């Protein structure tokens, strides 16, 4: 399919139309940052942002998600549907975050398929938007997860002066464009040229010092290196890095009980917490701060490549800019590249 | 020796631990030295030197009072602080952090070595003091309940706070059922109110919580408001004098010796 | 629609046996018609046990697969869930999901000498092998159980020792601290391994117990000439989902819930320190 | 409005005061949920906040008069602590009057009923508290 083009105003009308029928999630300014929220119309759409504070993984893997409810005494369990639900259009996903969905797909699939995640994933259409001005902390180019398109985009939008060059990436994306064909028109030759120009401009605007080849192999030999001790000294184990990481998926499960009614929910957890791997009885396989910090980096840069064949850092730079102690994953990569 | 070194990107400085004179060249001092260093004193076994801004000094005073830090084991180097800058999330500019605008004293109340800087810096510091007039009143009218709803419940405020030294925290959901471990929306105000109560009369306004918060909740605004009330009510200001006792404490009953 | 792996199946507690002062064995019957196929497990696998209103914990099955649909679990009072489990009465409902994990390498045991080393509650996952020990070793190899506890009253399944001996297994016991009625050995479990008459080159050792015991048992076995790939240990870790999603039991590139809980000594050496107590 | 829900935390002594009100058959508002605690000074602000979260319109803490206590007066602590909590509640937009304190000793049944009724009236006049929806600063 040839690329399409959608003008800014058509996009707004399209969102107006969609918001009437289904859930539209888009970045919304909140406090001093952006976060993905449900929007009611095209007016609320703002694609002029660098990236959201909390990644859009919150749409697929909500921070708090009910697993099921039950009666305490009788043990009767009710699941509030792990299938169906509204179609969700997720607009304005940056390439790094879109690529992060592929990482989550790999984890949540496999021998046991996570029903809640796959329900959310199937009903969500991802409209990715290319970056136009990457932050100095961004390094998606290192892993090839950006900055123009992400690997889970159903449709990739790239801003050119007349609107957005629209490239459908999946069957779902093509069907979407066919269904809403009145909002799109075929991209002109000039627009395509502008798209190429824009892509190479953004690519060039990013630093290219880091390399990811061979990183897992080298890291597997560095497990006992004193570097980790030194690195972790300034870490304060706040766990912000994992809460704002688009590929961190670990969750904890809690029960809420009110009389005879019980509910089991899950929600994000962080491996940086000293209670993450502590067992009943007090044994802890990762008892010290270096163990825990190392686990996070190894999980992303070594364990995941070993298990799934790809590094699970997408270079969004959130942890780099947000870490209060300035523990920088780019330095870790630079150290072992 | 705990101080600051150059960070990984421009406009950042980060904590750094120096154990030999050669390494001391790594140390820097500028307006990006934001991280709260007294946090690293808790549980430290050796004798350590520490670079302390005004707020850090106040935190150390509180830690000494709470018997978490031994005064004899630390050497405090206190440079004059001009307030720290942080990158604005909305515009690509650097602004003076909100909590620094409210800072009551930019020089540590306790110091072994005080560095008042050269005359230029001194001027700047005086200008700063004049502008700030020993602490602007905190902002009022923040819609706190809305702010609380933004909370991601990552507990970074607790983990980054130099005065949160409890090994088991009642707010992380593992010790009590006061607040669940996960982000239950109805519990977010509870979480923040309890934490605010725990900080009442203790917060030294270093802004570590605010700097760490991924949701940018202006926590120090709330804590400083409560501190103002505590000062009005009980005449107590935290972090000034090692010898004062915390405000809400029982006088010890005198036990008569037989 | 595929089965939702997070939802436990309701099960009724049929019988409770007080094994020791801190452990009880529960006989549980899942309330589904296809319990036999759904819960078909291999010895050494575990189930996620839900105490409704309290939470979930991974517990290994201590009965033989032949007893299905009845499932037995021995539970030591140690955390919130196990504590609550001790308040459960006969007729109460609990939740079960699973079985999860890899279980003992049952195929490998055929025709070989098998040494089972257990400490305290660590006997539970090995018990299914003892109940079926003759089948497991294919009648040509010997079966030896080396079992120890802190004191004689904490030895589990005492009433079954005679039956195990009758069926041809040799049962060696030891305690850390004897009492008036004890005239057996006093000492640590690895000390029992010294003079076993087994073919060390091909023998398979299976161990479960406190981390310290596993550590010294594994070392000792390796020293005695057992092959590292023939030494197996069942490890434990904090875990939430049991299906490799929650990340709590992720160590190295292994998940304890998917790739474990049984690991060979050679696997353990390649895992990060901490999980494998070696 | 309907009867406000009020949680009354009372120390051992003032709890007996409430009993005394019962013995003397003095009526007081029915929306009161008594919670007995060993001493008012043991009442952390956590529980008061939690009570508001769980739907209380108001909280009454009844404690011994400091003058009735021997040697040290822990209820002074309670007073100071609740005063701080009240200012915090005001800051986030909850009326301070929702948190009341009453000095009641073990024999004062009539006083208990009177204080509690007065407090309930004041709390009722504020209307129901929707803790989660309070967004306007006072």
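Just so it is clear, A, B, C and D label the chains in written order, and each chain counts residues from 1 on its own.
Keep in mind that, in the parts below, contacts are C-beta pairs under 8 Å (C-beta built on N, C-alpha and C of every residue); 3 or more make two chains touch, one makes a residue touch a chain.
Predicted model, so just to flag it, every value in this text is computed and none were measured.
Farthest from subunit C in terms of Cα centroid separation is D. Averaging Cα coordinates per chain places subunit A and subunit C 39 Å apart.
For the pair subunit B and subunit D, the distance between mean C-alpha positions equals 33 Å.
Separation between the centroids of subunit A and subunit D, computed from CA atoms only, is 47 Å.
The set of subunit A residues that touch two or more partner chains comprises 252, 254, 266, 269. Counting partners per residue, subunit B has 185 as the residues that reach two or more other chains.
Within subunit D, contacts with two or more other chains are made by no residue at all.
If each chain is drawn as a node and touching chains are joined, the picture is a simple open line. All chain pairs that touch, listed by label, are A-B, A-C, B-D.
Looking at the complex, you find that subunit A touches subunit C at residues 67-68, 70-77, 79, 82-83, 107-108, 110-116, 223, 249-255, 257, 262, 264, 266, 269, 271, 276-281, 283-287, 291, 295, 298-299, 302-303, 306-307. Within the complex, the subunit B residues that touch subunit A are 7-10, 12-17, 34-35, 39-40, 87-90, 147, 150, 152-156, 159-160, 172-174, 180-185, 208, 211-212, 214-217. By the touch rule above, subunit C contacts subunit A in their complex via residues 1-2, 4-8, 10-11, 50, 52-57, 78-82, 93-95, 211, 236-238, 240-241, 243-253, 258, 272, 274-275.
Of all the residues in subunit B, the ones that touch subunit D in their complex are 140-146, 148, 170, 178, 185-187, 189-190, 193-194, 196-197, 200-201, 222, 225-226, 229-230, 233-234, 247-251, 253.
Contact residues on subunit A toward subunit B in their complex (touch as defined above): 30-33, 35, 53-54, 63-64, 136-137, 233-234, 236-240, 243-244, 252, 254, 256, 265-270, 273, 275, 320-322, 324-326, 328, 330-331.
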